[in-house]
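These are the structures in question, set out in turn.
Each of the next two complexes has chain A plus one more chain, namely chain B in the first and chain C in the second.
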Partner chain A sequence: MHLPLAISLNFLTDTGFWTGVLILAGVYALVALGLQLNMGFTGIVNFGAAGFMAVGAYSMAILTLKTGLSFWASLPISMLITIGFGFLLGLPSLRLRADYLAIVTIAASEVVRLVAQNARDLTGGNQGLFCEGAKCFDDQWRDVSDKIVGWLQDLGWSNPDQLVPLLLVVWLTVIVVTLGLVFAQRTPWGRVLRAVREDEDAARALGKNAFSYKLQSLSISAAIGAIAGWFLALDLATLHPLDYEPIVTFYAYAILVLGGLANYWGVLAGAVIFWVIVEGTRFLELGISEVRLAAIRFAIAGLILILIMVFRPQGLFGKRDEMVLGE
Partner chain B sequence: MEAGALASGHERTLTERIVSAIRGRPALVAVVVLAVIVLVMVAAKGLHDVAQTGLNGLSLGAVYALGAVGLTLVYGILRLVNFAQGDFLTFGAYMAYLVNVTWGLPLVLGIAVGMAMTALLAVSLELIIWRPMRAKRAGVMQLLLISIGLAFVIRAFVQYIWSTDIRSLDVNVTATVHFFGLTIGRTQLIVIVIGFVVLIATGLMLRLTLLGKRMRALSDDIELAETAGIDTSRVILYTWIFAGALAGLAGVLSGAVTSLDPVFGFQLLLPIFAAVVLGGIGDPFGALAGGIVLGLVIEWSTLFIAAQWKVTIGFAALIIALIIRPQGIFGKARAL
Partner chain C sequence: MNSNGKTTIFEAQGVVKRFGGIRAVDGASFSVGEGSITALIGPNGAGKTTFFNVVTGFYRSDDGLAAFDGTQILGRRPYEIARLGMVRTFQITKALARMPVIDNMMLAAPDQPGEKLANAIFRPASSRRREREVRESALELLEVFNLTPLADEYAGTLSGGQRKLLELARALMTRPRLLLLDEPMAGINPTLGRRLLDHMQRLRAEEGVSFLFIEHDMEVVMNHSDRVVVMAEGKVIAAGEPHEVREDKAVIDAYLGGSEPVAPRPNADGAPKP
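This part shows the complex of A and B:
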């Protein structure tokens, strides 16, 4: 007899599934770490994260494919470009109040995506951007990736998934960025950020340039967004405008509030929990089409946001006394 | 040297006078600027092209304006940035699709059902989520993120039932009407007429009826309105009915001139936000005007820039408007 709602547990041992889910979780953990710095520690309502990722990823790929720069050289340059973008976005908009800032940043990220879609000569438009003749943007990464696969085989892992090297690099980066942010939060700089979040006027009255601190916070988040953008491009092996829709930012916010505000490590847990739940639906044997399954995944992401905000606004690991989305 | 200082001093007073004249009458300035833009365009591209693209702008603007009125009232009254408003449009359009295409009934019935069901959806959400959340004194960000979650759930519902296929309402897309040398699709003309009739009725309702005045009073200052003896939770319910029905209508009209897919409403959300912001948040008359102006500007931009960029122009206008004049082009400066 066939149960209408049977869950196959094969996925627990499916390394392909775990590799894919954990790479996604790592990429989104990076995005959400940037948002945590903005939202959780500085009080900036940044909805432009997908735009930062797009600027970082597209400038990396365009530099590699169209200027003859190596992949490695294009990374720092594309990060600087993204920081510049974040800086220019923040300069006029960070004085706006929270709801206006949310709309401006989401509109800016949509402008970036629409430029990626329409400036076809540069970005490939809806065809996507991956190779130019025999040269692909990720050639040099693939060489390194193959080398890492070789090492893993030497260590006795007989047949690792092609994406395992990316998984390792992504999570190594996530850990380094998290440690860096946690450390920065303990410095006087980090304490000023929190002061700005709690009471901007008071921080200003104490002689701190609140605006400058907010701009720094947004720029750092842009830099982290660029890294997330590179990893997403390497994971998908292509760049497509649809991969940088506002929904990416919304998912990152779901992860942020799931993990809890003002807690960097919570974001990492939130990212893994979110993607295991959302991608785990692939193994629900409901006997329905892929489009409907996608709709269910969508609804689950929405319900996570609603339920957390209604019943536990401090998130799973947030500190209620430090930061709640009240007021 | 003395003469130079004198000249610059004279200049400053002149600029100051112009600035103060502009400060007093933002609506007048907006109209004058728009008129100048139209004259420049007519001079550059000829009356025919400007009028022809203007017609497209009016139908687009009607959709924006209808979506924006409800959004701005809800925003003004509840401090709720409702990201689910775009998906209200989607929901209304698919309800009309159900009646008009699946059941094969006339589109007029489809419009009525689309409006009624979207209003019902909006009221249900008020009772299930927004009212209890207000009782909990939830913050702006909390409400904003809930509305994003709701947008996902509504979109998921539509996608689950109707899949991601592109669908069309049963309207005549080939018939055209000619007048003054201009050509317009019959459906598009009907959309413009319905849109503007409803927009004018909405404006009159807000201006003249007691309910309309109460809505505006709440949007202005909800605590003051409550002190004045207005039954606020009742007015809020009516506001949701109003916002839902107009959003449903906007969705059906947009679906009639273009097509339906589960994300089309969300894609209209940002231009609708732009209309709200242009008109000044919480000001329904501003939102009506803002929607029309934005629709016209976006379509007129195609005279000068490739049409694929027109959505980008709309977003850029939103960003610039928010940064330069966050109280809106028609709005009066309030403590924001």
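This part shows the complex of A and C:
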């Protein structure tokens, strides 16, 4: 018999499970990095992140399956499509005040999802999109993935999980994107972004085209969202509209707040901690049935997040001074 | 050329700004001579700040013309007007609170190639070179305004008066030719205020910067400006040298009231004011 409120520790050694959790953390880290650029450094309240992921993932899969393009060629093109989507979304909406912008972006992301659900010929609708005949969208990725598994075995890892190559590529990408954003933030370009965040009118009065900077910020976040969308599709080996619901954006915001505003590295820590808490609660031993545990574990995860925020309202890596001055 | 034989740097003709039925600026016309310090005065609600907002592109004008150094500016965006060399400050200061004072200053410098992301990435050397120059001139200006010890503090931690000084110093970083200052002295202690006025005089003498400033302190207006423009109810009712304006009947009626015996003005319901 188990003691109530105990945690069994054998799950810690389940590498397959943790590979999955860390891939998810990496995907969400990317989404939250884009939001950090928007929210934390430009002051844009973008709630359309899931829409960026969906446009990136679906255009990648559609290009691969319905045109002669290879998987690799479809990546840059789908990224350009997503950037174009972000640009067009921003053009009319970035003139709006923060709360209205939030509404427009979340609506746009829902429009994308509903189109994916209903344009069945193109997206497979609720059946999902993965293969057409013998060709699957991720065939070429699987070849590479198998090669990486071979290398890992040569290096002495006897039996790596099938998803370990994706894990490695996702986190390598996360690190590269983070370094790029940290670098960009330290340039004069990044300084203008922060000025726009602080006071758009002050920036304009000093000769800065605030609107253009907001548009650039949103477009870059769209590009990062496209990458996150690809990785989510590769992780799930399918594309389904329900994987791009607004809850994805909300989780990414939870990660952003947990990690702390205006700090890119905090996003990475926030993503890992968030998913370890959310997924780790599966292993709570409360002496109740699994069905009940499944229902209650989100409440427990929420409670843990609330407690962290009570003790560190600025987030794990946020600056308290900045939080206070921002009020 | 204006009446003083100097070149005009700014000229407004019949500028109108309506808010619904209210004509906040109602055909205002006046000019600012190059190298002058011109005060813009008028009772509360006269349309002074609205006029600033219109000619700097923050509000869209409903009618009229305005030219800076011969270039039509109505219809242009605020950042374009600022880049031309006509730069404003705000009545309620806009310190970039979560940025250090030095970053507030460096932000304002023009011609930083690194403000374009592509340049920042592919031509980092030119961006860094400009950064060094900009930092130097920012530190010099902070010295002038006694803000050097605060250079690395968040601008949001500054007092109201210090923010006013920072905003003026920041505007100067853009190397403007005409500065529009909205109540620059408000909330500054008299010693700092005098310093600020001295600095305005010096900038004009050394670099030919022109000033148009909104001010309520008559002592400052009368002693430190070359020309005074008086607005009331959206119109310019008088303009001239301080002593001329001081004796202008319309001005005394509209604004100065009390320095001369003035007949009571009827209020809204037509009854004389007590």
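FYI, the second predicted complex is superposed on the first by the 293 of 327 C-alpha atoms of A that agree within 3 Å, B and C clash if a C-alpha of one lies under 4 Å from a C-alpha of the other, contacts with A are read in each partner's own complex, and residues count from 1 in each chain.
The criterion applied here is as follows: a residue touches a chain if its C-beta (ideal position, glycine included) is under 8 Å from a C-beta of that chain, and two chains touch if they have at least 3 such contacts.
If you're wondering where the values come from, they're calculated on a predicted model, not measured in any experiment.
**Q** Identify the partner contact of A:I255: answer first if only chain B is touched, second if only chain C is, both if each is, neither if none is.
**A** neither
**Q** Looking at A:T187 after the superposition, I want to know if it touches chain B, chain C, both of them or none. Which is it: first, second, both, neither?
**A** After superposition on chain A, A:T187 lies in contact with chain C alone.
**Q** Between chain B and chain C, whom does A:L215 touch in the aligned arrangement: first, second, both, or neither?
**A** Touch partners of A:L215: none, neither chain B nor chain C.
**Q** Looking at the overlay, does A:V267 come into contact with chain B only (first), chain C only (second), both, or neither?
**A** After superposition on chain A, A:V267 lies in contact with neither partner.
**Q** After the superposition on A, what does A:L75 contact: first (chain B), second (chain C), both or neither?
**A** Neither partner.
**Q** Once the shared chain is lined up, is A:D201 touching chain B (first), chain C (second), both, or neither of them?
**A** In the superposed model, A:D201 contacts chain C only, not chain B.
**Q** If you tally the residues of chain A touched by each partner, is the higher count for chain B or for chain C?
**A** B
**Q** Just checking: does A:P313 make contact with chain B only, chain C only, both, or neither of them? Give me first, second, both or neither.
**A** A:P313 contacts chain B only, not chain C.
**Q** Of the residues on chain A, which ones does chain B touch that chain C also touches?
**A** Correct list for chain A: 325-326.
**Q** Applying the document's contact rule, which stretches of chain A touch chain C when the two form their complex?
**A** 183-184, 187-192, 194-195, 197-199, 201-210, 216, 262, 321-322, 325-326
**Q** So in the complex, the part of chain C that touches chain A is made up of which residues?
**A** 56, 58, 77-79, 82-83, 87-90, 94-99, 103, 106-108, 110, 112, 114-117, 120-121, 124, 127, 130-131, 154, 156-157, 170-171, 173-174
**Q** Within their complex, state which residues of chain A touch chain B.
**A** That would be residues 39, 45, 92-93, 96-100, 102-104, 106-108, 110-111, 114-115, 118, 250, 253-254, 257, 289, 291-292, 294-296, 298-299, 301-306, 309-310, 313, 324-327 of chain A.
**Q** Mind pulling up the chain B residues that touch chain A in the complex?
**A** 81, 129, 133, 137-142, 144-146, 148-153, 155-157, 159-160, 163-164, 270, 273-274, 277, 306, 308-309, 311-312, 315-316, 318-319, 322-323, 326, 336
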